[in-house]
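Read through the structures below before going on.
Two complexes come next, and they have one chain in common, subunit A, joined by subunit B in the first and subunit C in the second.
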Partner chain A sequence: MTSGSGMAACCVRFDKVEKTFRDFWGRPHVRAVRGISFTVQAGTIFGLLGPNGSGKSTAMKMMLGLLRPTAGQIAILGQPPDSVAVKARVGYMPEESALYPFLTAEELLNLFGQIFGLSSDERHERVDQLLEMMGLHHARRRRVGEFSKGMMRRLCLAQALINDPELLLLDEPTAGLDPVGCRQVKDILVALAQRGRTVVLSSHLLADVEDVCDWIAILYHGVLCAEGRVNELLEEREQIRVCLPALDPSQREAVLNWLRQQTGVEPVWDHPRKDLETVFLETIRKAPLPSDGASGAAVEERRPVAPFLSRPREPLLP
Partner chain B sequence: MRPVLAIVRLTLWTLLRSRFLAVTLLLLFGVTVLLPFVLQDDGTAVGRARVWIQYQFHSVLLILSIAMLVAGPGLVAGERERRYLQQMLVKPVSFPAIWLGKWLALAIVSGGTLSVVGVLFLAVMRLSFSTDRLGPHAADVNDRVWTVRRAIRPERGSQWVSPNEEGEWCFSMPAVPTGHPLLLRTRFFSAAVLTRWTVPGEWDIRSPDGTLLFRQRTDLRPGAIQEIALPPLDRPVPAGRWTVRYRNPDADTLLFDEEIGLTLWSPAGGFAANLVRAGLLAWFRLLLLAAAGLAMGSLFSPPVAVFMASFLLALIGFSGQIGWVVKTGQLVEPPHTHGDEPVHVHRPSPARIRVERILLGMYRLLYRAVSVLHDYDPVERTAESTRIEVGNLTRGWWQMVLLRGGVLAGLSVIAAACREWG
Partner chain C sequence: MDVSIGLFRALVNQTVREALRQPMILLTTTVAILFAALMPLMTAFHFWEGERLIRDGILALHFTLGAYLAATVSQLVMGVDLQGRAAGLLLCKPVPRWTFFLARYTGSLVVLALFTLGLWVAAVLSVRIGPTDYVVDEKAGLGVLLAVGAAHAISAGLNYRRGTPYAEWAFFLTPAALLLVLGGLALRDGRSGLVPVSMIGSVGARMAPAFALIFLGLAVITAAAHALLARVAGVPWLTGGVIVLIVAGLSLEPLLTSLGRGVSEHLLGKALIRLVPSWSLFWPADALEGGRSLPLAYVGWVTLYAAAWSAFFLAVGAVSFERREVG
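Let's turn to the complex of A and B:
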């Protein structure tokens, strides 16, 4: 199964990958992943879906070289996942924000920038832009240990972007974020994909995946149960929906009668609903700010993507 | 190199902000400044100075050894448990680079604290043992503490001296200039120790042409290390063979210590320079312990790593006893017998012999693990004002840091390569 046409550049390739965890005595204990194969095309947002314990995080850790597959092969950007050269081109946001609590947000991003070999000027520029983009500029000198969970998640995403990665791997990226944070993260992911970056995310929050992903794969008990383009998987080709402005009762009855005569079936009608996220964001936008300033992450619905991430990038291959 | 430097900085921050460094420095300050107030000595200025040096240096080294051994498991196994290491390993930095960064940070911390404590220690010593304070004892302290000496061992010499006989030792000496103060150091054993405090004797030292350089009667305590200061020479003596004779007028045979025996000690520099060299030896030891701590952290989970580090520390603490067992081949010291008490020879059972053999093998293994720390111990040499040679430093660097430290680093890397970081 492949995401995209056969000729498309492939960022991630799983080939009959299995992962069995063993106990202390080396006996097979848990088969977390059972012979899954898929590829992720460059420039897309690929979602790994599945309930808890379905093997999403295991698959993600194998992509990062933290776990070794028991069988099968994995290629990331055309190379083995544990290669240091590959890691320089990948960004990773873990499910649990394991960040040094005694460092400030600025120090932490600087540290990771240094590990990626960025020059001092470039590092400082990127740190400023990322903190601004994630709404953490006001907390830049605050220790990470004092951050709320949401702020921690934002910082975790910021550190994953410090190297302007070609491939971004996100494990439950919106877990622990408020709706505003979720929206911001999703906007950032879409913007990055539009600029040629590839995103692989794992989540069990179906609405989030539906919102941003081009392609999805559904895992269950370590088996790849379904994979395909989101629109193709969700579309119900047997039905159509027609949207009209509000009609008065007589007009509405006339339209429904016409539809009954033409199709021979009873049409269903209702008022379209706004989604809760839209209503929530509108409410927040209208609410006045407290006079003593905000302690958490700054809430602005739309934030521009950091300029250094805005450069369009050709989907790269090794 | 940049990622390694980043890890070094990060580790230094970790140690600083976790208050690890603050607590260590506080303890070291207490040891350097406050410990002298509770120490007891033999009442002489030289004895007091040596007790100070020995106990303070030992305590400083012990605190820093614990610090190095305990920091390692926290920095590797602890960070692995908290998933900080995984976060680092998905970045373009390999485990060996992370290990090296952490080790270098521990090297900076141990080197820095040793330097600060060394300067503080020297200042306290200089103040406490200044000429103004010591008065008439100043010359003695200057000669035997502030002057560092190099040992000249005899080419051949007696191992025991029978009653009313003479022992003879020959030394191949370099040219000795006028005013050069030499020191004779010896230790012997005698049955007289059971009935008397000291035994009498007479020393006779002659230059290569047979001229008498020194003659003195002494009353020395058997079993203790004795130092006899030779008066400065009134004329230069060319290089050649010196003869030292000891006449034993006592009724008991004297048995000279195999290790110390009889040595001549020639001045070879000042105390401060020797303290720097001792500090370097101590630093090499700490670098090895830091590598051991990091290796424990790489090999085991946090509680097991801390347990293993504590076990290693205990092993170092008991290295003297372990060394005694290995050298004598006896697991327990035989009971002392007095004069006419009959000596019971107990023949052990074959099973017990087998168990003892296994235990002795284990002791030998344990001694091999820690003997290097014993061999390059800087404390005794500093306390006895024995010069630490540059050759000793290079051998210590090779043996402790490069060889054993390298093996521990290799073990850590192999453990990390076999490990999954889920």
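Let's turn to the complex of A and C:
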């Protein structure tokens, strides 16, 4: 099974991959992933869906070379996942925000910048832009251990972007974020994909996946149960929906009568609903700010993507 | 190559920072320094020949608390890091595993070197506080207490005003404050002639190789602890491993000798003795008897011995860490 058109370059390839965890004595303990195969094409947002314990995080860690498959082959950007050269082109946001609690946000991002060999000027520029983009600029000198869960998630995403990665792997990226943070993360992902980056995310928050993903794969008990383009999987092709401005009752009845005569079926009508996320974000935007400043992440809708991430790029596949 | 050096340096810096900001490291170091510097006040003995109590006490303090610190730092920078999954975030970046492993070891050694340095300054102060039998300079002792208190107060003030990390600053400022006290006492002694400054200086110089030897022993323990933690997780393994290593290194040769000369000189006995590092080589107390100094050639030889053992443990650790899964 393959995401995207056959012409596009392949960023991630899983070929009959299995992963069995063993206990202390070397006996097979848990079969987390059972012979899954899929590919992720460059420039797409690919969602790995599944309930807890379905093997999403294990698959993600195998993509990063942190875990090794028991059987099968994995290729990331055309190379083995534990290759250091590949890791320089990948960004990763883990499920648990396991960061160094005694470092400040600025020190932490600087450390990751140094690891990627960024020059001092470039590092400072990117750290500033990322902290600004994630709404953490006011907390740059605070110890990471003092951060709330949501702030920690934002910082986790910032560190994943410091190297302007070609491939971004995100494990439950919106878990623990407030709706503003969720919306912001989703906007960033869409913007990155539009600029040629590839995103693989795992989540069990279906609405978030539906909002941003082009392709999804559904895992259950380590087995790949379904895979395909989101629109094709969700679309009910046997029905259509027509949207009109609000009509007065007589006009509405006339339209429904015409439809009955033309189709021979009873049409259904209702008023479209806003989604809760939209209502929440509108409310927050209108709410006054406290005079003594905010302690958490700064809440501003539609923050611009960091300028260094904004330049379009073609994925550099081998 | 520049990138590799930069990467290694960044990882070492991060290891040192993360370790020095842990309250337990500061607490252990402050207790050791205070205990060493104020030992004459507690024992009423002086540092010189015939009264080995203080000298041997400080060296024993260096070895025991140093071994504890070596195990604690190793557990923090390897064990907690791997179990807490922060290490996974570093290892999914372009960081070769052996670089990560060696940087963690080097960072731990930097912490132990700073601990050793602080204890050495405290030892020299200890000489000054109790220059002769049953004579102690309480004012100098009070100066030590005030210096340590000032170091912590300044760190707290900086933390309050600028948000700098308290534990890290206190760790660096404590030995610096003790050096200032030592300098002040030397100036006073130069005028009063109570204790010749040259005498303090010569004691300091004579003690430095002894501290260096114990530091080398701690470096071997740290390498063994890192090798253990590269493969197995948790405090029980680390505690067990380090205790077995220390006890075996201290007691294997005397134990085999007590069973009869034939046993210790048998090929198997000799091989067994060489299978664990001999800690007696790192214990310099006897060599300092009678105002003697440690021969530099001996220090050089033990340095090679420690380097060989450390390299062995690190090689084993690096190879096993290469295959470890980081979940």
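What we mean here is this: the second predicted complex is superposed on the first by the 318 of 318 C-alpha atoms of A that agree within 3 Å, B and C clash if a C-alpha of one lies under 4 Å from a C-alpha of the other, contacts with A are read in each partner's own complex, and residues count from 1 in each chain.
Please note the rule applied: a residue touches a chain if its C-beta (ideal position, glycine included) is under 8 Å from a C-beta of that chain, and two chains touch if they have at least 3 such contacts.
Since this is a predicted model, take the numbers as computed values, not measurements.
Asks: Putting subunit B and subunit C onto subunit A via the overlay, clash or fit?
Replies: In the arrangement built by aligning on subunit A, the partners subunit C and subunit B clash.
Asks: First (subunit B), second (subunit C), both or neither: which does A:234 touch?
Replies: Neither partner.
Asks: Which partner does A:98 reach: the first (subunit B), the second (subunit C), both, or neither?
Replies: After superposing on A, A:98 lies in contact with both subunit B and subunit C.
Asks: Once the shared chain is lined up, is A:66 touching subunit B (first), subunit C (second), both, or neither of them?
Replies: Touch status of A:66: both partners.
Asks: Considering only the touch criterion stated at the top, classify A:141 as touching first (subunit B), second (subunit C), both, or neither.
Replies: Only subunit C is touched by A:141; subunit B is not.
Asks: Is A:225 touching anything from subunit B or subunit C once the two structures are fitted on A? First, second, both or neither.
Replies: In the superposed model, A:225 contacts neither subunit B nor subunit C.
Asks: In the overlay, one of 188-196, 350-358 or 404-412 from subunit B clashes with subunit C and the rest don't. Which one?
Replies: The overlap with subunit C comes from subunit B residues 404-412.
Asks: Taking the stated contact definition, name every residue in subunit A that is touched by subunit B in one complex and by subunit C in the other, in rising order.
Replies: In the superposed arrangement, which is not itself an observed complex, subunit A uses residues 61, 64-68, 84-85, 87-88, 90, 92, 94, 96, 98-100, 102-103, 107, 111-112, 114-117 for both subunit B and subunit C.
Asks: Which residues of subunit C touch subunit A once you look at their complex with the stated criterion?
Replies: 3, 6-7, 10-11, 13-14, 17-18, 21-22, 84-86, 88-96, 163, 165, 325-327
Asks: In the complex of these two chains, what residues of subunit B are touching subunit A?
Replies: Within the complex, subunit B touches subunit A at residues 2-3, 5-7, 9-10, 13-14, 17-18, 82-84, 86-94, 420-422.
Asks: What does subunit A use to touch subunit B in their complex?
Replies: Against subunit B, the touching part of subunit A is residues 21, 58, 61, 64-68, 84-85, 87-88, 90, 92, 94, 96, 98-100, 102-103, 107, 111-112, 114-117.
Asks: Could you pull out which subunit A residues touch subunit C in their complex?
Replies: Those residues of subunit A that touch subunit C are 61, 64-68, 84-85, 87-88, 90, 92, 94, 96, 98-100, 102-103, 107, 111-112, 114-117, 141-143, 159, 163.
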